[in-house]
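Chain lettering (A, B and C) follows the sequence in which the chains are written, and residue indices restart at 1 in each chain.
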Amino acid sequence: MKDPLKTIRESKPLIHHITNWVTIYDCANMTRTFGALPVMAHAREECADMTNIASALVLNIGTLTTEIIDAMIISAKAANEKRIPVLLDAVGVGATKFRDDMAAKILDSVHIDIIKGNYSEVAKLAGEDARTRGVESTAIDAEPRQLAKKFAGSRSCVVVMTGKDDIISDGERTFVVKNGHESMGYIVGTGCMAASVIASFAAINSDHCDAAKDALCYFGIAGELAAEKSVTPGTFKMHLYDEVFGLSDERAKVMLNIEEC
Amino acid sequence: MKDPLKTIRESKPLIHHITNWVTIYDCANMTRTFGALPVMAHAREECADMTNIASALVLNIGTLTTEIIDAMIISAKAANEKRIPVLLDAVGVGATKFRDDMAAKILDSVHIDIIKGNYSEVAKLAGEDARTRGVESTAIDAEPRQLAKKFAGSRSCVVVMTGKDDIISDGERTFVVKNGHESMGYIVGTGCMAASVIASFAAINSDHCDAAKDALCYFGIAGELAAEKSVTPGTFKMHLYDEVFGLSDERAKVMLNIEEC
Amino acid sequence: MKDPLKTIRESKPLIHHITNWVTIYDCANMTRTFGALPVMAHAREECADMTNIASALVLNIGTLTTEIIDAMIISAKAANEKRIPVLLDAVGVGATKFRDDMAAKILDSVHIDIIKGNYSEVAKLAGEDARTRGVESTAIDAEPRQLAKKFAGSRSCVVVMTGKDDIISDGERTFVVKNGHESMGYIVGTGCMAASVIASFAAINSDHCDAAKDALCYFGIAGELAAEKSVTPGTFKMHLYDEVFGLSDERAKVMLNIEEC
């Protein structure tokens, strides 16, 4: 996969989201700004049909209900059959028992190709004793790189832990993405947008570990470029969209900041 | 209708929306920026009461459920009785059977004054063999101007097909709006916002064909003016709101770019 | 409470919202920009658990359904037991009987610490004959300061009436906040955001009347500072976030514009 951005912009993969009501617009808009096509559809009567014309599926439990979880499982089954990547963004796992139970139900019912969350969300999902403050990570006991690697290996999937450093593992290779800027943490939604970006890259790259790595590097690079214009959240967010839109594979490649560990 | 903007800003018509969760904020905010008053209410227990104090009703099926469709039909019946315009934005028709069926159910149950969608959404609604990629139009077989005219005539309504050129027909007169800028297509939501704008103009103009024509010209002109400041999506969207807010009928009238065909 | 902003930024109180789908993103993002942590969760299975780890609860009925009202009452009961402040933003009360009834049901079922709305929403809630145009206030017969004071006294709570001047009363003391800028009224969502800001201040100040007063002054001051950069809605909103982010207690204190009456 030499030029992921060019490939996304040419093939315009359709990214089906069943997501939360807080950041749903930014998930759609960031997907579009990267060059993919977003669609959001959560009715149980149509969600499998929508997945069947898509190239990737994003499940984000930020404002989950039992009905939404049912739709997610229906769509994920369709995605598994069609062999398109499914990403679970485990928003708020570790905050309430219901979130823990519903995330576990999803993992027990379908295959998830990419599990994503902040440190405490992923730690809780992996069976550690971790607490999430609403949707905000707290410190975890486990060493995050080892946790990501072990959890990915046990589930035969890619695990993405987002935070100051983003950690990505497929159980064999483990990477730390150092691209990004702290201003991305000042605005609500960059975590959810990152899931949409990863799904867009996974839609055109069957190596989902590489796709997640590229996605987080590119998104972080756009954040670095936006921060050169402004670091305050209102203007920063506007520039973030501009920089994603104007980014090229050539520009991104010279700014990659990633370590294998 | 000499000065639509002035009329909207003075009379502040209330525009009741039952719409999707992706672009709901921008629909409300664009309605307000044009000078009308948005209200969003989808509970079946209150939706007819809200319609009864409104001057236009927007139905957008972007994230439909059966409950939402029920509310739409209840509100549209109230609107029909009260004789205020009802606009259906057929988002995603042609993507799943459920959307096709629900849009047909609405059209069978109530009178829609303005049917709006992109080329493949409207073509599918009109009985053509068309497919929509999520919410993105695909090429259609029929000649769009003829399709709009025929469909409008058969349903005694105004049909609006949005795309590179926007087509508007009431079955007798057919117009092509050439105002607008390609940057409007780079951001999610301009199509949905256009529906809110059309409804705001239709609320103060009983000739819904003229209202739709004016609305799309004015919105497109604001897009052209915004693009003079920036064409990248983050900054463009911000300027789009500023230009709508600062637009005058005088300014708009000298920039109209419309053809009757 | 000497330095509310500093206290919020250091303690990062978790603000649980059960709110509407129109402005949900801006409620979360403004909460974060002030330095608190937002979380949105409305499933009945988890809402009490989320309230139990929060420091304040915001109930906003902008796009209410019976299910959402049930969740609000469950969460408010948990908040009452835990003795954390509950704010009700009575969006649209006076527009439909359903909103009037559901707001009354909340007030009858739980203790609300801070009742907030525009003039006609609060007047209707207080038993006056008032009508709301969707979510837009209409003129009311009662003198607003007396109404706020009497209503607050009768319910042993703080009442906040927002409009050109914001009125705050705990039944004994009554204040008029004159900070703010008219551009805040040009964009959808500043009223809802104000509720999130008040809740953030109330989370760290047990005198909820002072908290509401400080919150509306600080938010209004950020609006005044943003308006020095731009008064048109697209750019203004972006600057509003920047100015909230950059605000300090020192800066705010010299700009306070408030009267006791």
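Heads up, the rule we're going with is that a contact is a pair of C-beta atoms (placed from the backbone, for glycine too) under 8 Å apart; a residue touches a chain by one contact, two chains touch by 3 or more.
Because the structure is predicted, anything quoted here is derived from the model rather than measured.
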{"item": "Topology of the chain contact graph, where touching chains are joined (line, ring, star, complete, other)", "value": "complete"}
{"item": "Turn needed to bring chain B onto chain C - CA fit, degrees, nearest 5", "value": "120"}
{"item": "Proportion of interface numbers common to chain A and chain C (over half same, under half different)", "value": "different"}
{"item": "Inter-chain centre distance, chain A versus chain C - centres from mean C-alpha coordinates, in Å", "value": "32"}
{"item": "In chain C, residues with contacts to at least two other chains", "value": "21, 25, 237-238"}
{"item": "Of chain C, residues touching chain A in the complex", "value": "12, 14, 16, 21, 24-25, 28-29, 32-33, 37-43, 45-46, 49-50, 53-54, 237-242, 245-246"}
{"item": "In the complex, chain A residues that touch chain C", "value": "20-23, 25-26, 62-66, 92, 95-99, 133-136, 186-189, 230, 232-235, 237-238"}
